[in-house]
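Next up, some structures in structure tokens.
First subunit A sits with subunit B, and in the next complex the same chain sits with subunit C.
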Partner chain A sequence: MTTTLLFQSLVLGVLLGGLYALLAAGLTLYFGVMRVVMIAHSAFLILAAYLAWYFNQQTGMDPLLSLVITVPLFFLMGVGMQRLLITRLRPATLTMMSVLLTFAVALFIEGMIGFVWSGTQRRIQLPYSGESITFLGAQVAVVKLVAFALAALSLGLLYLLLKYSRFGLALRATIQHKEAAQLVGIKTDRVAGFGFGLGLATAAIGGTALSLDATIYPSLHWHWIGPLMAIIVVGGLGSIPGAAVAAMVLGIGQSLLQVPLGTTWAQTIFYVALFATLMLRPQGFFGGRLAQRF
Partner chain B sequence: MSPRMTPRRRTRRALAAVAGLSATALVLTACSGDAEEAGGGSGSDDPLVIGISLPLTGDFSEPGKGVQRGYEAWAQFVNEDGGLLGRQVELKILDDQSNADRVVQDYEALIAQDEVDLVFGPFSTRLVVPSARVAQEYGMLFVEPAGAAAEVFEQGFDNLFYAAPAVADDHYNYLAEEILAMPEGERPETVAVASMDDPFAQGTAYGLRDKLAEGGLEVVVDEVYPPNTTDFSPIAAKISDSGADMVIGGTQYQDAVNLIVALQQLNYQPQLAAFSTAPTNPEFASAIGDKTEGILSPTGYTETASFPSNVDFVERYTELHGNAPGEDEANAYTTGQVVAAAVEAVGCAEQGECQQQLIDWLRTNEVETVVGPLTWDETGKPQGAHLIQQYVDGEIQIVLPEDAKEADLIFPKPEW
Partner chain C sequence: MPNASDTRPTQDVSTGTPAPAGPAATATAPRRPGTARIVRLVALVVGVALVLSFPTIAPNPYILSAGVVVLSYACTATAWNFMGGFTGYVSLGHAAFFGLGAYATGLLIRDVGLPSFVALLLGGVVVLLVTIPVGIAALRVRGASFVIVSISFVLILLLVFQAWGAFTGGSDGLVVPRPFPDLLRPEHHQVFFYLFAALLAVMLVCWWAIDRSRFGTGLKAVREDEDKAQALGVPTRNYKLVAYVTSATFTGLAGGLYALWFGDLDPIFQFSIMLGTYMVLMALLGGVRHLFGPLLGAVIVGVGLEYFKLEFGDTQLHLVATALLLGVVVLFMPDGIIPAVASLFKRFGPQDSSIREITAAELLERNRAAAASATSASETAGSAVEDDGPHRGGPDGSARGTSERTEDAARRPRSGPKEDR
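What follows is the complex of A and B.
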């Protein structure tokens, strides 16, 4: 292994980790706020990717501009989904039943994408798809850099929103102790709806970032949900900084392990990490306080 | 499963037996009238009946219907041209519902009860193997359009011929020959291989890899990735870091596109880039954009191939259907051409001794078809190779072999 390859792999790992962090952020949010295991998250990612592709196809404009439409749209879909579907589940079995419910939603989305745009594999062709800049001897693809910037920006905004806004305070209070939050006058139902919407809004951004540098097809989301679930468990359910750190560690780990071990074995890092976390620290390595109750 | 299946299967068997008996009875009564003429020998005006079973419903119905269109086009054109041995050709096509049990029954019935003169093969390895066994029991020539997997040729059939240019391992043969024929100083010296963990993809890539390695090229990267891989940049990084002169991708569609773009992002510029499957897909150019120049791919059939019978086939088929034939249609048509060549050469087409003569003739002769000249080894494996296509001036064109090429091979390939 040459040092150039090592450094190149490290750079690729950081970029991949950033994307993973963005894609997993929504997932940990749903669980944090509502104990909902959202299997359909990656299906929404692919839906957003398709919308970005379709937008580019129809208008010829940069797919990033589709965010103006998809982010509010996904936010509303999230609120709607929480108010119409998730709240109907009984609290006692919420976590388990949400798996079934969102599994169905994922299948529905996959079917709809196939119905509307067929199963043909699509890719957005950008003038800068193959372009890269040289950074200390490593090649950094422009599209990957854009995706990373998008991830950093949206995760930063999400963090500020949760940390400093009134809504963020209410959301965190709901995450920490729902009943106590209700006692101090927080409308936890509405907060939960907005929280879900926020999660789906991150899926809109993540899916668009994904569409810049991936060939997409309706069933692609099944390849993503496993690694993303592993990331949020390792990071600690409900913790956004935890998800970000775990995503970065696993992304870099996967990229570096691929050099000596090959692709097949490098992919198992997610499951090894998941297994080790459940053995050693079931609440996850970050923000553990919440998950201890489960 | 089997106890539950038995009654149903028994009913089916019984029905088949009844159908068979009545068919035999019909044939017997029919024979009494025709006996004189049939005994009269070759000058018969009876149509020459060819028995076929195809998956017209079920899992393989899409390609099955393509094969049907190819067979029917072949029969129609042969009849328009005066038939085979002066007799009109009649196809008797049954639907096996993509079911291996049904396909066996179908060929039993076609050969034993209907006493067809000849049989053509069905679609897919899963149906070819059991039906070839039936044909072998009856000593029938069995030319098939769709069994490329290695297991077809490992069964010890001595009556089977695969009517296509090559099995997966041989897809890249023309390219391998071309590279090995280059002078030492000019040809690529190092090769990087990445293949999906899939028998077909690996077959194509490893066929080329092994031939080049034997010829003295060094394999510097040899990666295998699972079919669900979405991120190809680490593989691309390895290939790029190796600086290999040539890259071979044992690929399907999405992985080829992702890998090629990842290689471009790392500014890796090989002298040759060969990827299976994807470049022949109409979506390919719209995914990669204007950076396809010089990318190579093997293909089993192209409507633009200049083989004389292909020009005729494409013209007449397009007139008939309003669109050019695809690979399934072409493979079926090729099957017809192969059998017809043997029949014309030997001068007979009926069950019995004639079949062995047809088999023996095909073992030792070359047949001109829409996919080029075909010859076979003793297991029925075609001895050819796929055509090699390359993106030249933004169009995918045949560059190898010499006698079929539409454009010259570009080497080294332009930067992407």
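What follows is the complex of A and C.
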């Protein structure tokens, strides 16, 4: 492998890792606030991508503008989903049953996408689709840069929101200790709902970023679910920094392996990492002591 | 927590699931009227007769082949229930074992040239051997992480079997030679209908035996509270592994039989997450704590799926239908149909005179008998009194026991985050 090629895949890996990090952050948010493993996250991702494609198809405008609609919409859907579905599960079996429930949601979305827009593969054509810039000898497609910028921007905003806003403080308190948060007057149910909405909003952004560069079809979410789940298990369920680091490492790893092994076999790095993690540190590399219990 | 449904006391009188505790089980027996037992026996005989006569009364070969499909679903759901029902570990990835069994059987026939049914059994052995390391890794985590790992396993195998086209045929598929090349199609279906029924019967007998064994009690203890079970000396890790391997092997055998019947394998359909979902849905719908729960669920869901296939064909609406069904089951009847119907019948039957497992009159009689034996034979008295221990406390004692359990179940998840730090 030449140095240029190596550098090229490294850059692409960082770009890919950024997108993975954004999506995995959403997953850890759900797990943090509700102890819910959200299988439907990647289905919402594909839904957002389809909405961006449809918006572009109908208006001819840049798909990024669809974020103005999809982000609030997904936020509301998240709040509704938490309030109407997740809270109805019995607390004793919440974690396990939530997997099945969100799985049902994922199937529902996949089925509806297929029904409304058919199973045909779709792709957005943009004026800057084919363009790429040369960065220190590496060719980087503009759409990939835009996607990465979008991911970096929203991860930054998420960080600021969690760190400095009153809502972020309440959310972090709810994640850390629900009863104590209730004692100091935080309405944890509402906060959990908003946290869920926030997670889905990241799916809206991620999906739109994905739509710029990928061919989309209804069952595409299965290709995302494995890597994303592997990332949060490797990082440790519920740990946002863990998810970010694992996403970056695995994204870069996948990108580097693509050159010698090809796309399909490079995917297996996620599963190899997953099983290695289970053998070495079942709770993940950043997870709390009891993360393996959920 | 990993339990598939809440921590209800396991003494389910109406359906005959025996309580793990000795005295309670013996106490239930005399109270149950003989008619209930006869009704269940009759239902069993009628059910068996229906299954056995189905090939002869099926109006056309299509219905017969649909019956084979439903029976294969029933096999997978019952096999799933060895893990999901006993330990409460929900595996969404059992399709991996189904596909592995199918491919192992197919490849052993094609590449090694073994006779079909020898290959089927060896395929089961292959699944067993593969499951041991996978189970050791997967069972290191619980709950949601376990579900994630189980899904990942299907996705890996799908990836490998698609990418490794030279060996597995990849997306072109793998043609499995038929075991009975001379048979006409309807006769072929008929033979396989009985083969699937036989496999199902073997599984049901195994499940029934485990349900009544000490091993089964240990597995149920894992379902109710794994930490407590471990603290009480149940070798939870080994028990879980044995249950997982048993479950996987039976699923693999069902897959191998399917391969022999269907004759054409494609990774997309063999390693499909949907198949794993169907297993969970069927088992949950019927009732995971009951011997015939998965079978009942398989009949309902399987018939529904065949109907959707006919009705909606190419559209994706069958996914929506499955999703809605799964959502409704998870939200409104996580315990399944059998308990729901049983409690309905109980409402019309004679009311229980108390919430206790045995009535006050029976307790009095038991205590008298115990006292009588105590005076006659002093050495047996000790054990008899000890046996009666939990029931000695009167109504208060028993009621307190139950409320403690429910309270405990409600408290546990809330204490999670606190321990987490």
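List of remarks:
Methods note: the second predicted complex is superposed on the first by the 287 of 294 C-alpha atoms of A that agree within 3 Å, B and C clash if a C-alpha of one lies under 4 Å from a C-alpha of the other, contacts with A are read in each partner's own complex, and residues count from 1 in each chain.
The working rule: a residue touches a chain if its C-beta (ideal position, glycine included) is under 8 Å from a C-beta of that chain, and two chains touch if they have at least 3 such contacts.
Small disclaimer: the values here were computed from a predicted structure and weren't measured.
After overlaying the two complexes on the shared chain, residue contacts for A:196 are found with neither subunit B nor subunit C. When the two complexes are overlaid on their common chain A, residue A:114 makes contact with subunit C while staying clear of subunit B. In the superposition on chain A, A:8 contacts subunit B only, with no contact to subunit C.
Residue contacts after overlaying the shared chain place A:44 against neither subunit B nor subunit C.
Judged by the touch definition given at the top, the superposed model places A:101 against subunit C, while subunit B stays out of reach. Once the two complexes are overlaid on the shared chain, A:148 sits clear of subunit B and of subunit C alike.
Of the two partner chains placed by superposition, A:53 touches none, neither subunit B nor subunit C.
Contacts of A:16 after superposition on the shared chain: subunit B is touched, whereas subunit C is not.
Of the two partner chains, subunit C is the only one that A:271 touches; subunit B does not reach it. Common to the subunit B and subunit C interfaces on subunit A are residues 264, 267. By the touch criterion stated above, subunit C contacts subunit A in their complex at residues 1-7, 88, 90, 92, 137-138, 140-145, 147-149, 151-152, 155-156, 159-160, 162-163, 273, 277, 280, 284, 315-324, 326-327, 330-331, 334, 409-410, 412-414, 416-421. Taken in their complex, subunit B has these residues touching subunit A: 197, 223-226, 228-231, 233-235, 237-238, 240-241, 253-254, 257-258, 261-262, 264-267, 283, 286-289, 291, 416. Subunit A makes touch with subunit B in their complex at residues 2, 4-5, 8-9, 12, 16, 120-123, 125, 127, 129-132, 139, 141, 143-144, 213-215, 217, 220, 223-224, 254-255, 258-259, 262-264, 266-267.
The touching residues of subunit A, when paired with subunit C in their complex, are 31, 35, 37, 39, 85, 88-101, 103-108, 110-115, 119, 175-179, 218, 222, 225-226, 229-230, 232-233, 237-238, 264-265, 267-268, 270-271, 274-275, 278-279, 282, 288-294.
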